[in-house]
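One chain, subunit A, links the two complexes that follow: it is found with subunit B in the first and with subunit C in the second.
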Partner chain A sequence: MEYVYTLIILIALSVILASSFNLIIGYAGLISIAHPVFYAIGAYASAILARDHGVPVPIAMLLGAVAAMLASIAVALPSLRVSGDYLLIASIGFQLGVLEAIKNVSFTGGAGGLTNIPPFLIQSVGREAYVVLVVAVAVLTVLLTRVIAHGPYWRALSAMRDDELAFGALGRNAVAMKVAVFALGSALAGLAGALYAHYFRFVTPEQFELLQSAAMLTMVVVGGMRTTLGPVIGAVLLQALPQAITFLDLPTALLGPLQGLLFTGLVLIFMFWRPQGLVAAGEFWRPSREASDVGRP
Partner chain B sequence: MLTFDTIAQVLWTSISTSSYLVLFAVAFALVLKVNRIFNFAQAALMTVAFYAANAVVSLAGLSGVLGFVAALGSAALASAALEIFGFRSLRRRNASQMFLFIFTLIVSELVAYLAMLIFGTWPTTIFPSLFWPVSLVGNIAISAWDLPAVGGMLGSLALLFACLRYSQPGRFMIAVADNPDLAELYGIEKNRIYLAAMIVAGLLIGVGMFLYGSRAQVQPTTSIELMLFAIAATIIGGIGNVWGAATTAIVLGIVQNGSVLLIPSEWQGFLLYIFLFLAIVFFPSGVKLPERKRGLARNVASVDLDTRQSTPANTVNPASATED
Partner chain C sequence: MSGVLEIRGLDKRFGGIVVADSIDLTLAAGRVVGLIGPNGAGKTSLFNLVSGVFPADAGSISLDGERIDGLKTHKRAKRGLSRTWQNLRLFPSLSVLDNLMVGPRDYPGEKLWRLAFARTRVERAEGQARRRALEVLERTGLVGVAKTRAADLTFGQQKLVGVARALMNEARCLLLDEPMAGVEGQAYETMQRVVRDVAASGVAVCVVEHNVAFIRDLCEEGVFMFAGKVLARGPVTDLIADPRLTELYFGT
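Let's look at the complex of A and B:
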């Protein structure tokens, strides 16, 4: 039963990560693959606050999300001020830089990882309670994404993404909106990291490296970018598939690369043969094809 | 204590270790200038080049020269394949910049995982030993690797300069970089030039990765970190300015190596991320140096540039902002 609970928690965490990443890369059109680093910041901040400073776990979790949000603003503000393209470079540099720093400082446990993270709910109420908590956060994240994607804010986001110049001419502040969406998505990733840390009670920098970036990108691209349901399906699928591989009893050295190959291979296949993903948004993703056809007989 | 000999030694080591970094930066800047692609898949080409040389020299036991040829050939072939099957296809579909970004990132990760699966995750080298005989020139230690590395870098840059300045494909590259549509009107086939630029970049990557792999241990994800250096150098050097990227790579190499005198060595790698951040925040358009005056022709050219600068900054093509 514990295996099933763990699987449900992993799927729910992936749903939070994929939905929040979709908010950034899909709805806002901000190119960043450093979502795992905000997941890491949330996990480490919450774990260190609860373990070393005696902060109650629920407050530590919220502070973990706040830490991720603040870090994302620190990355986004200078890079988005220049151009959206720089966000990608800045975010990759930030991801690798933070992980390098985590490996080299002692209070994070270094490359060996952080252990003895205090649990939450599991010992006092039971494992089921934690499963309910994580699933509830996942459902709330999806609902939040849906509200954003179907309300007036979505129209503003679409306008900003599709024509920033016209958006600015209407008196709207594109940079502020981009930073806000980036911060919200990163805060949700930070919360997911905190939930992860207090369940598994052990985090290492290796868990947040480029494999995670590839996995999150796969969930969104394969599921369907700019849809509410797509990343959820992508997350469920991409958590279930590696589980199937683990049943093959392969050595650990092969398992990681195989999962990575699966993720990246799937993204490439979908990019060329079904760029809209499993759940199609029915617009945008391959916009210029229609544009180039305009005027042809 | 900081003596002249210490400074001279750090300077020499920095210049020699910058040799491969310069080549990576120039390859990245060239593709950005001509093909207008932030080619993160360069990391994949670097991985291919290294493991090709590793397979020929370390696994098959053949000579270093064959390993060098394998690095060059594999990187050029992989570059051509990337252009023909990847970029060209995406260009035909009018894929957005975001789509291209994701594609190059995913390709670099895919190749890294493939290398992990085939060659394992342990660091490895091209030659069995990383130790090269050292001789003293004055009080400066110069290894047997240093001179071929610096020579290889200078030779490659000289060939690139000659190619861009005097050969027809090189001139076409400059024309396509400046204005691809106008170049096409003049009968230049864009796709062939994009392919040529990718192959030239592949050759530079092959030389650079052979140099790197004969001096340091490499694992499948090493290239992704090396790529960030190339990106930082390209941004600070000025996007579209190939020679600016080369010069910046040397300066960054000197700063990074010189930092060993001031900070612990385990934090030396961290400096790269600081460079990158500072580059984006303070030098998004590169470091602007005062222009030299070179007579009438240059003055006339600068008048044209001034006229173009009257258009909004965002609409100016970054690739044409700097003249090579």
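Let's look at the complex of A and C:
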């Protein structure tokens, strides 16, 4: 039973990560690879606050989300003021830098990882309670993306992606919107990290490297970018698939590279044959491809 | 004469290229000023300077007596400055109605915290924006295509959508960049009527246009620009009749 609970928690965490990444890369059109690092910041901040500073776990979890949010604003604000492309470069640097820092300072446990993270709910109430908590956060995340993906905010985000200059000349503040979505998405990733840390009670910097970035991107692309349900389906599939591979009895040295190949292969296949993902996002895809011919008589 | 928009001593250089050379220009409420001149004269650049697409090197721009030249583009729009674009810049993935509904000066739905904590205000603003958008679409003869994606319209209709979207701001000053280029027939008539009505409602309007007939019919005053300078100003018929300007325009 514990295996099933763990699987449900991993899937729910992936749903939170993929949905929040969809906000950033899909709805706001911000290209960043650093989502796993905000996941890591949430996990480490919450774990260290609870373990070494006696902060009650629920508060530590929220502070983990806040830490991820603040870090994301620090990355996004300077780069987005210049242009969206700079965010990609800044995110790569940030991802590598933070993970390197975690590996090389002592209070994070270094490359060996952080152990003995205080548990939450599992011993006092039971494992089921924690499963309910994580699933509830995942459901709330999906509902939140639904609110953002409809009505005036959706309209403004779509307009901003279509033409930022015209969007600004209408009185809309593109930089503020981008930073807000980036901060919200990263805070959710941080919360997911905190939920991970206090369940598995052990985190290492390796878990948050490029393979995770690829996994999150694959979930969003395969499921369907700019849809509410796409990242959910992508997350379930992409969590189940590696689990299935582990049953193949392959040597562990092969498993990591195989997963990486699988993720990039899937992204390529979907980009060529079904760019809208499994759940199609209506007409959102066509226009961006046709945008270049708009404006010609 | 005190104007809605006052430009004084505006300078802008890109390296050795002068796009604005101590430009003075006043746009008054209820009047349409035509900005004419050959390609590369600096007409669109002037619009870009006024709307804040890039900053000026020197000079001042005031809207209703308040300096706006230090403000970002979106803040200038919030003060009541609206513009259209030579190359349309519509939001192709959105419907015509949604294109317009992005345009009101006050748009509380662009702030996440308002979506969470001030839903009533957001919903009220949405209702107002929808009513205003439908009214503007009525005036521009676009009600029939309100639900059509902007990218699927004819070019003339897209030009009208651009102007209609700019009207959502209820601006004090409206800058129209080549509204007639590529527009014929029904859309031409509509465009003329719309611009005239906007000016009649007290908005200061400035039009960049190569269509001389359109400028002559609409504008009380013309301003002739060449190489970033204002060379002449006065009644449009006089500017057109001036052989010196005609020579510059056609580059004989």
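Throughout what follows, the second predicted complex is superposed on the first by the 284 of 297 C-alpha atoms of A that agree within 3 Å, B and C clash if a C-alpha of one lies under 4 Å from a C-alpha of the other, contacts with A are read in each partner's own complex, and residues count from 1 in each chain.
As a working rule, a residue touches a chain if its C-beta (ideal position, glycine included) is under 8 Å from a C-beta of that chain, and two chains touch if they have at least 3 such contacts.
Note that this is a predicted model, so its numbers are computed, not measured.
Asks: With both complexes superposed on chain A, which partner does A:L7 reach: first (subunit B), second (subunit C), both or neither?
Replies: neither
Asks: Is A:N104 contacted by the first partner subunit B, the second partner subunit C, both or neither?
Replies: First partner only, subunit B.
Asks: After the superposition on A, what does A:L143 contact: first (subunit B), second (subunit C), both or neither?
Replies: In the superposed model, A:L143 contacts neither subunit B nor subunit C.
Asks: Return first, second, both or neither, reflecting whether A:A240 touches subunit B, subunit C, both chains, or no partner chain.
Replies: neither
Asks: After the superposition on A, what does A:T264 contact: first (subunit B), second (subunit C), both or neither?
Replies: Only subunit B; A:T264 stays clear of subunit C.
Asks: Return first, second, both or neither, reflecting whether A:S158 touches subunit B, subunit C, both chains, or no partner chain.
Replies: second
Asks: I'd like to know which partner A:I89 touches here: subunit B for first, subunit C for second, both or neither.
Replies: First partner only, subunit B.
Asks: Counting contacts the way the document defines them, which residues of subunit A are shared by the two interfaces, the one with subunit B and the one with subunit C?
Replies: On subunit A, the overlap between the subunit B and subunit C contacts is residues 165, 286-288, 291.
Asks: Please name which positions on subunit C make contact with subunit A in the complex.
Replies: 51, 53, 72-74, 77-78, 82-83, 85, 87-94, 98-99, 101-105, 107-112, 115, 122, 125-126, 149-151, 155, 158, 165, 168-169, 182
Asks: Give every residue of subunit B touching subunit A within the complex, in rising order.
Replies: 38, 89, 93-99, 101-103, 105-107, 109-110, 112-114, 116-117, 120-121, 221, 224-225, 228, 231-232, 235, 266-267, 269-270, 272-274, 276-277, 280-281, 284, 314
Asks: Quick check: in the complex, which residue numbers of subunit A touch subunit B?
Replies: 25, 29, 31, 33, 78-79, 82-83, 85-86, 88-90, 92-94, 96-97, 100-101, 104, 165, 209-210, 213-214, 217, 221, 253-254, 256-258, 260-261, 264-265, 267-268, 271-272, 275, 286-289, 291-292
Asks: Write out the stretch or stretches of subunit A touching subunit C in their complex.
Replies: Touching subunit C from subunit A are residues 147-148, 151-153, 155-156, 158-159, 161-163, 165-174, 176-177, 180-181, 184, 283-284, 286-288, 290-291, 294-297.
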